[in-house]
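Just below sit the structures, each encoded as structure tokens.
Shared chain: chain A. Partners: chain B in the first complex, chain C in the second.
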Partner chain A sequence: MTRRIDLRRVAQYGVVVVVAVTLNFLLPRLMPGNPLALIAGVDVGMLTPDQRAEIVARVGLDAPMWQQYLRYWGDIFTGDFGFSFRSSRPIVDMILERLPWTLLITGLSLLVSAVVGVLLGAISAWRRGTKGDLSMLSGMISIESLPSFWLGMVLVSLFAVQWGLLPSFGAVTPASDLEGWAHVWDIISHAILPVTALSIVGTPGVYMTMRYSMLETLGEDYIRTARAKGAGERRVLFGHVARNTIAPVITVLAIRLGFAFGGTVIIETVFSYPGLGRLVFEAVAGRDYPVMQAAFLVFTAAILVANLAADLLYPLIDPRSRTS
Partner chain B sequence: MQRVKRFKWAILLVVLALVVVGCGDDDAEEEPVATTAAEAPATTPAPEPADEEEEPATAPAEEEEEPAPETTTTTAAPPPPPEPVTVRAAITGDEGTLNPYTYISGFPGWNILMLQYDSLMQLDAAGVPQPWLASSVSVSDDLTEWSVTLVEGVTFHDGEPLTSDDVAFSVEFYTTNPEASRFARDFRGVADVVVHDDYSVTFVLESANPGFDVVALADAPIIPRHIWESVDIPSEHDFGGTNIGSGPYILTEIAPDQSYRFAANPNYFRGAPAVDELVLIIFADDAGAQAAIRTGEVDVIFERIPPEQIDLLDAQDPLDVILGPEFATQMINYDASIRPFDDVAVRQAINLAMDRQDIVDTVYLGAATVGSPGWIHPGHSVYNPGIAVDVYDPAAANALLDGAGYADSDGDGVREYDGQPMSFEIITNASDSLRLRIAELTVEMLAAIGIETEVLPVDTAVWENAVWPGFDVNNGRNYQIAMWGWSPPVQADPLRLPWLVHSSLDRGFLNLTGYGNAEMDELSEALAVEPDPAGRKAILGRMQEIIAEDLPFVLLLYPDGAYVYDSSVYADWEFIAGQGIVSKLSLLAPSARP
Partner chain C sequence: MTATGGEDRAIRRAVRRRSRLPTILGVAGLVIVGALVVTAVFAPWLAPYDPTERIARPFLFPSAEHPLGTNDVGHDLLSEIIFGSRVSLMVGLVAATVALLIGTTVGVIAGYYPKRLGSTLMRGVDVILILPFLPLLIVLAAYLGRSLLNTILVIGLLIWAEPARIIRSQVLSLRSREYVLAARSMGAPDRWTIIRHIVPRTALLATGSFVRAVSGAILLEAALSFLGLGDPIQKSWGSTLYWAQTRGAFLTPAWKWWVLPPGILIMLASLGFALIAFSLEERINPRL
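Our next item is the complex of A and B:
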């Protein structure tokens, strides 16, 4: 029984992968624009037609589309995505350099917004309809509507420019030669503002999911039964409510974790943080096909793995989903 | 229990991320340090007396302060008396690995590249090329043979001598590997490079080129043959260490998307630079760079600052703003090969409708020069003073259109041509907010003469592809009206004017408006073979008259260069006309500058 389901799921994932890879290949090429200036610099317009043709041939853009597509599949299996048009560096290196920074700030902020969102959501639902619940709810809705670049700029101008407490940009102090704990603190102090900004904008989503999911659970008959049996509030909350509430929240968090690999273009830009979001943004702006292809693949893989993890976790948390 | 499980893998992930960051960063630092260490023995023992008999500009006092170990950090507490000067400069974008095949932007990428390399000539503050790696440059009467004598004793960073062999090799390499398009273009038209001996070489050109000194000799970096001769794919080649040039700075560390670190070359042939260490910090946008110079986290911004920031930054205490002419341009392009822009009356009307002073005042807050309809900047040595700059006259524009038969027959406020309304799109790149504002003002100004326009802001690649498809004018054009602008070199060197206006696309390879005029073609060809500077100026004067009359495009203004720096850290910035402050001149001792 379970094995058949697994096979079907594997096939599903396989189809998704093929579609995603094909889109990753096609989307960059469907965008209007030409990567030639990126490959050879703006003076490419002053070259002879022969020289231009030579450049196009050297990067393989003269090959028919289907050949380029097959080459992309080859890249996926060999793990070698070639060189960036823009910076002429190996793409795998470029992604690996930036991924840890992205994971650091998105991971930490995901953790913060998960803890804060779940706690506040639970409190809110527990005290549903009270003044406290309503003001928290409206507060979260307001926060959710804040543009993240604005929030980032406010944090920079207050904590860095105005009060000089924290650095305004980057992941480390450039050319500082710090070592040991000083280096660790340097990384942390640079991460505080971006993580704060990301956590603030990330919390309302978790909060809302938790609150609604819990409200639903609280209305269930078995909760009334538990209470009628004389179970204490604490036992009802953790033993019955939380357990049944958490599944949708896990889904939300898993999806966010998948997207966390994509970094965050806006926050990484505001704080000049050297993450994947910025890399991809620049690649898209300049039609850097190979970088786009490779980076999109990382995002696809991360989202698929996160989904898979959620799928696998679900039965552990919610026994009802084991047999469906 | 469930809760613990829930968070366990989130925690795991963060721990993992921290570990990876920790490791990744160590790698990033270790690699370049190893590079420096490997490089250092090669550079430091290089015999220092060789320099002293060289150029007069060497400052021996400064050479002594460079001790054997190359570590220049605060923790090292160096014994020599003068405190080493470190300048932290902000740039807004990654520049790759900064060799001639991997630097990214024309500005400031090329300028930073040239801190590590030298060209045969170097522009002085007035923008005039002066001998640099060359000790003398002479040209034959027919302008086809350029002979260069090299300064003797110049060495690359690894101690190898720089000779005419490297010069000839550089030309050949750039020509056969055109990915470095700027340098391939520089030497386009070089038929042969004749090496006479180690220190003298002659460039033989296919045809006369009076501007070869500006276009090529003062532009292309000389690369060492011994490093590059085995290179197969230059943009992807792994040199296994730092870039080897002959310039005043050596790149010692790259942190991608974060920073570059340069150490002064103590053996530089014009004397060790005044700034001992240069750190370039990469920002994602100019707002971040401006915040960082306010907090003191950077000491200078290697980008032009926007007009509205000039007074604000200048007012803050240790900060100063330096202003100067840059020959960048803002213009209106239209497709002059299609109706109705093929009618010179329509082009003239658009020219008369543009209130250039208003654009300079409202968009640039005065930090720009009103454009001459004849293309050349009024501050340029070849400007034709007979060209009137302030031509704004909407009444005359309306009269011109009335006279040419573009009436508004249905009374909707929009004129018609060939039975259809004069209604067009102005395409521009959304990322340039100043250009977007000019486009919006243009809509109003053209509405006043009965031409309806709508701004179409698109992303840069889309805009480029509409105006200049595939960067090849042979592909035609795909726009009606476009906001456009050229970088400073296109105007700074007036001999490039034919590129913009010659009707033969082989010569007019920047002719993006489909313009053609027989007299202009003749003048363009005469300009290329005119040996006498006064004669060239006369030809350029006539070309400006034709442009102001014929309007292949409408030139609106020239933005001024404005750069902000912290004067308490370093104040000797040199503004090169047309290039700004980002050059080796700014970082060399004033006595070593040309």
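Our next item is the complex of A and C:
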């Protein structure tokens, strides 16, 4: 049984990859106007017919659609995403150099929102219906409506400009030759504001999941049994409730990791943080379509890896799913 | 109930408070949304100036004539923000309508024909839910170009999957109810059964997911406009913040009147609908 479900999941992920790649392939070719501008990044009006034909042949736009499609897949499998229109650099290099920064701030912020969200969600569910629970719940609903970019701007205005406590942009101080701990502190101080903004907007989702899934556990018969046999509150909470709640929450967290990645487009733009999200923004602003597409594929891959990790982790955390 | 007296009272108190909170929050949401709708409808009378006209020097500090100062080209910021409510509400409502139409259609069909057709449809829904949401939104918006209609379409076409899932599960349970079975066993055609017996029963749930979709769409419109992908002619709260960012207003004292107000309004608009949605959802399926 478990095996068959795994196969179906794998098939689903395969479909996601095909859909993402096909979208990438079709979008620039189906848009109104000349696809040459979108695919080769040239100003079509400035070219002589000969030049235009030369570029069409080089990019392969004269081949039948299915051949172009196959070639596109071939390029992706060989890790060839082409070159940026703007900087003429290989896109793979650009992505690899941005990736660590995005991993740093998403990883840290996910950690913070996971710990805070799980703790507050557990407290809320345990004290269900009390004033504390309801005000926490209302607060979280409000935070969910916060536009993350605006939160980022306000944090910069307050902490960087008004009080001058932290740097307002970038990941490191430009043109500084800091070494050792000074360099580490430089990186941390630049990451604090983006991580804070991401953590704040990421917390309500974890909180809601934790609260609802714990409320469900609290209603189970075995909790009543545990209470009936005289187990203390502490033992019920840690021995019975927490252990049965944590598995679904960890799955949700793993899936959020993938999506948190995409959310950085906005936060990294506010803080001019040199990660993958900022790269997407720059590509969009500069009509650098191949870079935008490659980044989209990386985001898709991130989500799939996170989902896969959740699938593999689940039976380890929750033994019930192993046998059934 | 075998609870002791004290516990009994505590539970009753909790139940009372539990049932009151959704109502309080729902009313708060209605008040917020009502105020915004009034602002949007009467914007031309409420706004002191035409938000597209250069009526003063750029970068003015707040004054009696310009309570929120002026922006980088000399537009009155207060008027701009008052008119911004129109874009925000319109994109939110229309995009959510698009999403609801697609979501209900897919959800009802997938729920009523759960075997092959339904499970194929839901596989598609799962695929959409896995795709990286924000990057896809940005890629689509970038290719389609900047206009109000495109913003609405892109958002509407990406947020229908969640409503579809919710409505499908409701339809799944409805189709095995006695009155539906009775109608079908008497030979009522599928289309009749669906329109007469299934769709009306999903109305409350659909309203809930519609309102939730409006709340989400307002935030997405703001995000797209903030990234410079909104309609360049229709100034929305998001695009006001885009210019505040581009001109570095958040690095100067101007952030207090240029950055704070539009952001607070985006949050209030999204929150207003989220509160109504929460109150509706609690009524349908109490989880407090």
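To be clear about the criterion, the second predicted complex is superposed on the first by the 257 of 324 C-alpha atoms of A that agree within 3 Å, B and C clash if a C-alpha of one lies under 4 Å from a C-alpha of the other, contacts with A are read in each partner's own complex, and residues count from 1 in each chain.
The definition used in the following text is that a residue touches a chain if its C-beta (ideal position, glycine included) is under 8 Å from a C-beta of that chain, and two chains touch if they have at least 3 such contacts.
Just so it is clear, the model here is predicted, and its values are computed rather than measured.
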Discussion item. So in the superposed three-chain picture, is A:261 touching just chain B, just chain C, both, or none of them (first/second/both/neither)?
Written reply: second
Discussion item. Applying the document's definition of touch, where does A:300 land relative to chain B and chain C: first, second, both, or neither?
Written reply: second
Practice prompt. Give one of first, second, both or neither to describe whether A:189 is in contact with chain B, with chain C, with both, or with none.
Written response: neither
Item to complete: Examine A:20 and indicate which partner it touches, taking first as chain B and second as chain C; both and neither are also allowed.
Response: second
Worksheet item: Regarding the shared-chain residue A:168, is it in contact with chain B (first), chain C (second), both, or neither?
Response: both
Discussion item. As a test of reading the superposition: which chain, chain B or chain C, is in touch with more residues of chain A?
Written reply: B
Worksheet item: Just chain B (first), just chain C (second), both, or neither: which does A:48 touch?
Response: first
Discussion item. For A:285 in the superposed arrangement: first (chain B), second (chain C), both or neither?
Written reply: both
Discussion item. Contact-wise, after the overlay, does A:145 reach chain B, chain C, both or neither (first, second, both, neither)?
Written reply: second
Item to complete: Would you check which partner chain A:157 touches, where first means chain B only, second means chain C only, and both and neither mean what they say?
Response: both
Item to complete: Once the two structures are superposed, pull the chain A residues common to the chain B and chain C interfaces.
Response: 31, 153, 156-157, 160-161, 168, 269-270, 285, 287
Fill in: Residues of chain A defined as touching chain C within the complex
12-13, 15-16, 19-20, 23, 27-28, 31, 38, 128-131, 134, 137-138, 141-142, 144-151, 153-154, 156-157, 160-161, 168, 212, 215, 258-259, 261-263, 265-266, 269-270, 280-281, 284-285, 287, 289, 292-293, 295-296, 299-300, 302-304, 307
Practice prompt. Please give the residue numbers of chain A that touch chain B in the complex, ascending.
Written response: 31-34, 36-37, 39-49, 51-52, 54-55, 58, 83, 86-89, 94, 96-101, 103-104, 107-108, 110-111, 114-115, 153, 156-157, 160-161, 164, 167-172, 174-175, 177, 183-184, 187, 242-243, 246, 250, 253, 257, 268-274, 278-279, 282, 285-287, 309, 316-317
Fill in: chain C - residues contacting chain A, complex
14-15, 17-18, 21, 25, 123, 126-127, 130-136, 138-140, 142-144, 215, 219, 222-223, 226-229, 238, 241, 244-245, 250-252, 255, 259-260, 262-263, 266-268, 270-271, 274-275, 278, 287-288
Discussion item. Under the stated contact criterion, what part of chain B meets chain A in this complex?
Written reply: 2-3, 5-7, 9-11, 13-14, 16-18, 20-22, 24-25, 28, 73, 75, 88, 93-94, 96-97, 101-102, 104, 106, 178-182, 184-185, 188, 233, 235-236, 253, 255-259, 261, 277, 279, 281-285, 287-288, 291-292, 294-295, 297, 431, 459-462, 464-465, 468-474, 487, 499, 509-510
